[in-house]
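Below is one structure; the comments refer to it alone.
Each chain carries a letter (A, B, C and D) given by its place in the written order, and its residues are counted from 1.
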Amino acid sequence: MSDKLKEACGVFGVYNSEEDSSIGRTIFYGLYALQHRGQESAGIAVTSGEGINYHKEMGLVSEVFNDEILDRLTGRIGIGHVRYSTTEANTLINAQPLVVRYKQGFLAVAHNGNLVNASEIRSELEESGAVFQTEIDSEVMAFLIAKEHSGDIEKAVEICMEKIKGSYALVMMTEDALIGMRDPQGIRPLCLGKQNGSYILASESCALDTIDAEFIRDIEPGEIVIINKDGLKSIKKNRNNCRSSLCIFEFVYFARPDSTIDGSNVHMARWEAGRLLAKEHSVEADMVIGVPDSGTVSAMGYAEASGIPFGIGLIKNRYVGRTFIKANQSSRAIGVKIKLNAVKEVVQGKRLIMVDDSIVRGTTSGLIVNVLREAGAKEIHVRVSSPPVMHSCYFGIDTSTRKELIGAQRKIEEIRQHIGAESLGYLSLDGLIKATGLSRERFCSGCFSGTYPLAVPREGKRYVFEKR
Amino acid sequence: MSDKLKEACGVFGVYNSEEDSSIGRTIFYGLYALQHRGQESAGIAVTSGEGINYHKEMGLVSEVFNDEILDRLTGRIGIGHVRYSTTEANTLINAQPLVVRYKQGFLAVAHNGNLVNASEIRSELEESGAVFQTEIDSEVMAFLIAKEHSGDIEKAVEICMEKIKGSYALVMMTEDALIGMRDPQGIRPLCLGKQNGSYILASESCALDTIDAEFIRDIEPGEIVIINKDGLKSIKKNRNNCRSSLCIFEFVYFARPDSTIDGSNVHMARWEAGRLLAKEHSVEADMVIGVPDSGTVSAMGYAEASGIPFGIGLIKNRYVGRTFIKANQSSRAIGVKIKLNAVKEVVQGKRLIMVDDSIVRGTTSGLIVNVLREAGAKEIHVRVSSPPVMHSCYFGIDTSTRKELIGAQRKIEEIRQHIGAESLGYLSLDGLIKATGLSRERFCSGCFSGTYPLAVPREGKRYVFEKR
Amino acid sequence: MSDKLKEACGVFGVYNSEEDSSIGRTIFYGLYALQHRGQESAGIAVTSGEGINYHKEMGLVSEVFNDEILDRLTGRIGIGHVRYSTTEANTLINAQPLVVRYKQGFLAVAHNGNLVNASEIRSELEESGAVFQTEIDSEVMAFLIAKEHSGDIEKAVEICMEKIKGSYALVMMTEDALIGMRDPQGIRPLCLGKQNGSYILASESCALDTIDAEFIRDIEPGEIVIINKDGLKSIKKNRNNCRSSLCIFEFVYFARPDSTIDGSNVHMARWEAGRLLAKEHSVEADMVIGVPDSGTVSAMGYAEASGIPFGIGLIKNRYVGRTFIKANQSSRAIGVKIKLNAVKEVVQGKRLIMVDDSIVRGTTSGLIVNVLREAGAKEIHVRVSSPPVMHSCYFGIDTSTRKELIGAQRKIEEIRQHIGAESLGYLSLDGLIKATGLSRERFCSGCFSGTYPLAVPREGKRYVFEKR
Amino acid sequence: MSDKLKEACGVFGVYNSEEDSSIGRTIFYGLYALQHRGQESAGIAVTSGEGINYHKEMGLVSEVFNDEILDRLTGRIGIGHVRYSTTEANTLINAQPLVVRYKQGFLAVAHNGNLVNASEIRSELEESGAVFQTEIDSEVMAFLIAKEHSGDIEKAVEICMEKIKGSYALVMMTEDALIGMRDPQGIRPLCLGKQNGSYILASESCALDTIDAEFIRDIEPGEIVIINKDGLKSIKKNRNNCRSSLCIFEFVYFARPDSTIDGSNVHMARWEAGRLLAKEHSVEADMVIGVPDSGTVSAMGYAEASGIPFGIGLIKNRYVGRTFIKANQSSRAIGVKIKLNAVKEVVQGKRLIMVDDSIVRGTTSGLIVNVLREAGAKEIHVRVSSPPVMHSCYFGIDTSTRKELIGAQRKIEEIRQHIGAESLGYLSLDGLIKATGLSRERFCSGCFSGTYPLAVPREGKRYVFEKR
């Protein structure tokens, strides 16, 4: 229904030196702030040093938890997770955090990302006797650590990191430590904060703000942090092999604009992307509008750089939820009109520049152009503040197969005709990177360029657990 | 939790000349577009000319209906309702549309507004033998019409209108007609549209857009429209007593910006209000920001008129729902931070003008000022695009009692201190009215001025049905 | 699925002279004991003398109420209701007690039975201006009383009783009185009890036992009892027109065996019916078994009278619920086997007498005979402890139409062949009546005899409220 | 609330040689028949030879499944499980069947019983690298089999059986086989049936009857059956170490009366227990009554043997559910009266013999005696058709700790006084065994005698997974 890529997960962790009856609430608020990273299931696990107490269920954070449940989730250390998944059946079994018991005690794992060699490791582990109960990468990592853990968790985590390939921003909890890990490419974001002496790990800095924690720094690519009674210890083993390849789509669409990732603020990057888009694809027009919510900021940047006034030409219905009602036969366009409506008084008779953050399958852009046309817009020039999405992602984003990506299947002029715009312009990859203020080498832009920071499988073979 | 006034209801009606299997869906989409007018219960009633079929329940439109239910709601004529209410117990009994059977057949009634003489009429009707089962005004109106209806529905509706006092935008359905009524003061909005030969009535024009219907005109103050097999008949009996007193708060906060009410577009009025606010309360500053979502448009207008750049300094969490979790002890401010976060990179070191649409109880403005201050803002000048709310509303808005209205209890300088801003300025009533482009006489601005278009009760005595 | 007639309702009422915080629980327990009389909705209404507080919902008593709800239901006077209904749509609107407000205050009404002139009275009331919102008889009675009540509730209730025809065991509550009424034929049961100075009204005496109340007496046919601060007042206006016509099916199937109705214990009557059945339809056999649960007692009576040993040949699954799963294609008989299984060790090689309480549509008897046959029974002689059901009921029982009643459509020999039994014998009506120990004139046995205690409509025309 | 021991689980399995779209329904009906063995969660897993499809949830069988879910559960092989557990938190994770993937493919396991060396095996497995995710024994067994399985499932199952100690009636499914196992003591029942060429495994024979399957035989103590495309293969390795020690409580209370276990019908055994009880503890009286439902059959046997007439003195409310409402202060006895009521007409003035199947904690017997006393019983002689429960069970039954067992804490005369009976008699263990018709050596009667068929842990140490 929506023409957006989908982020897979958000993670959050807390380490207190003393028992904290409100640790469940702290994690709850953190997950609330990360809700945009996953809306299918949510979970929290806590420990007071002996056993692990947890609750996870399908649904939004606000649906999964209530006061009664949060009151039970007390402890010293805790982690939380929000998840989006493409699997349909029995999904609760795949919800996170994953909690396991092994020879050294308990382990709870919450993961954002995607391992590209998970199947291989599973096979190896199976060969050596492992028995799996879920389909999630957290299980692979928990098993690796359990296997290698003979007293020294640090060592076990290091060995785990050596074996796994792919993207992972991970928070993990033993009975006495909170552990954070970011893959050597730093594909998924993970940052560190402090709140009254407690350490916090979070996918995005906006979650730190929500709980009034202070942002300390990003976890570095390939870094492991172990937080326990001795304080925080940072481990960076193969510094030479670590090269930041942050997912550039975090700046395009995924991350919350109030987050700052690896030193670059998301909102500022989007604004700047709009400015650069204006320079790359200028056009004579009366007004710049954004496709709410994600296109608005770049539209403002475009307006600023072009000198063409910004206007609010499209209004989004704030109550559009997850319920899906079959469309009325009488009107094919109703689907998009439930969500977006034009402000006639603003757009009629105008030559518009309509800015969106990305076009993935190209299913809705044409409908929106049509809504504006019906409302009286004279010309509609579509501008996209990122390049065409042309390749699949193997690192935790639900891109469609290449066949569904309109950028992979059609030329830009064909896309323009498809959506019925007077003109169409995409921001160049150089422009997008420049907007972030970071260097090109810092990013994975595989979905735009087809060049990935590490070898990817030929086809996205999934680890099959259940028949479907 | 939120410092906003609350609208009470939204209404919607459809008249087809032939049986329509998708009439339930049409009404569903209409209510979806009006969801902002009431989030507590939703209902749809339809008829094919014999008996009435309906479904109503507590919850959002998307929660109350599903495909199975909508498939059953087929017919020629139908009405729908969304509701917000302050009553807690047994609220389903008070959900609308109200469906009754009387000597002439069936009647379904959906009402937005508040009758000021409902208690008196109930007493009179009780004297003549009426038996009531709910607390809602729809029941009063249904009973009046039933009482007067001896064959001529037109006459009955007219007599009803003569008796009732207060605000009402009403849609009503008999087995062969759709009826719309707007009170002689036109306090609540109601408009007429057409979609492929079907007539539509809706609280706001945005609902017409959503279903691809054409806007025809607003129902006039004191007008009755009866739509049946003979077409649409408009009745305006006491034209002399009708004087538009449209609720000005529809422009301030209630209505969706893409709606046009009585000829004035809501979005344009809010933008203009911002422009006029800039003129009334100019101040030297580096940036204008809005409190999302409702303060954003006026902030843009302010920026345009003042020449000070507009920026996005506050980000709203899109997933804040209706679940209420008790606050974490460790931080009083978390309540507001769950909803709003500052973009540090945007606001730090800046002298800000923060524009909001209204201040009612004054509970959150101070917290937001603080969020900005913590994010590094140097100065925060609060500007409100409407006057101080100083008086109760008797016409369908959930204003607090005067005791709770900060505008009624404190002087502006005291409010400024209370919220901790460098300066505070409210748009004048003249300014607000001017922004709408309509004349002063057209509005009820009782909540600002204390002057009401018709006599109001001394105190807001409620019709008590149940002990609570 | 089940081949049993269905009772429509159970009622319960309490009058305390002082406020009682546990009155909700007392009514809850009373309804729990009456649950067999209606499993579709349940409701409780209470008053402390000012307004009425109530809760009603679809579901079993244990599903509708919880501690939180019961804690709110405090007061001096209260009534409760359990209901079975045949209407599908919007049934909550038809749940009881019905609570209304009229010129004299509030009224809550809970009814068991069926008025045969409800449509006529509704028409009359509609003529005089009444507006109806439900389809239930309680509404008719509430409206009649409201209409006639001009200060003297006693008078109003009397007039109501004069107008209505049909069956009614009614409990009603005003803000200061608990009122009970039983129709002049006393078709439905209603009894009076006392518990620590509180008066109790209940459909059956088992509800008094459950709350440790003392049974005082049955309410007499045509009697009104008004319980208020002056104590209990009994009114019997037209003593001459009152003639007990108690529904004999209460003894056959509806009532709980631990109840005593109009002086006759239900369990004892069923046992005796079995004894008389043995005399009327003796047969040589090895064992008498009952169809659980309702046929068991009569089977024991049959065994005692015949000298043939009683055995448990059929076991009922205690967990068969209301969920309906479509049957497995592979076996048509599974439907009955889910509920009933034979004990092979008991029945094999035996000549059995299988006793059931009634045969209505004849859908399951054949299946049960088959289960026994497969388990090795040599002969199966079916005995029914009541006569063939041949006529519809108009007084509150959900009999099928005559077309569906196997007793109305087929001769006994045909029925025997249909169910595949070696022999079939029904208890005579004389026998059934004799078993109760009461005189023939005391009963309505319309479903067996076609003779009703008062005129019945030609066909069971329903008051149509909604299209379905 | 109830004074009964609780069975832990029921298992069911089906092997078809061809794909069967109704296999889910067959298992559903089987579980329905076994519902009395576990009411907390239910699950079904099926396979068509590739991957495993499953659904499990908290609740009764009828609540967990619906037509939509069952339609998806198609395949050739399938197993099902119903469970009762004492753990409160996160119980879904512990629901069965447990489905795992390991080097050889998939495994689904459903278990009834309790391993006494589960903790030891878990520790061993953990030492060799196993990672656990649940607290259930099924996980231990699945892991053992996975560990030993290198191509020959038969061998792996045998090794598993050698390692585990305790009680287990197990059904297991690989992608091409259905496997059944019963522990060498045969403590929990398991039987084999056939239905149109399909093999069935079930905890009790009543489940075979429900689906119209033919009973073939009981699985023998220590037997493994492997059913695959080559037919059924039975393995009995250590025949010498296998000695039947069937749980005698299956005959006292757990099993459904229509089941036949190891050659003895449960109903017949209970009847005979009553007969022997009459001989062991005769007393002069007027009537024998049973405590429904479980005491009824033995009461009938007692009546038959003693010549004292049987009567129905207590009626059970069929609608008592799982909802718990706090008791009314006014009456302590209401708890039991909600469930059981005396039939005054039957018991008053009588000297009664009241037969129950067992007394565990002694919480309700006294209340029932009181109910009978209040109803007018002159004397109440309590007879129990099993010996005093004096010892804990370690094989899958939820016995209380010894401290709570009234039989362990008080002498019989003290118990008599405690419950307020005129006399009290328990059936001897010899009598109970004799009633089953099987030899003493065939049974585990540890809860009565303290002698167990294999070494038991000193105290019931639980495998701790979560802190609670």
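Definition applied: a contact is a pair of C-beta atoms (placed from the backbone, for glycine too) under 8 Å apart; a residue touches a chain by one contact, two chains touch by 3 or more.
Every value quoted in this text rests on a predicted model; they were computed, and no experiment measured them.
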Chain C reached from chain A - shortest hop count over touching chains: 2
Cα superposition of chain A on its sequence copy chain D - rotation in ° rounded to nearest 5: 180
Inter-centroid spacing, chain D versus chain A (mean Cα positions, whole Å): 49
Distance between the centres, which are taken as Cα means, of chain D and chain B, whole angstrom: 60
Inter-centroid spacing, chain D versus chain C (mean Cα positions, whole Å): 36
Residues within chain C bordering two or more other chains: none
All touching chain pairs, where touch follows the definition stated at the start: A-B, A-D, B-C, C-D
Sites on chain D touched by chain A in the complex: 47-48, 50-55, 72, 89-90, 92, 98-103, 123, 126-134, 142-143, 146-147, 464-468
Chain D residues touching chain C - in the complex, by the definition given at the top: 22, 25-26, 28-29, 32-33, 35-36, 39, 60-63, 65-67, 70, 195-196, 206, 209-212, 256-258, 260, 265, 267-268, 271, 293, 297, 300, 304, 309-310, 312, 315, 317-323, 325-331, 333-334, 337-338, 341-346
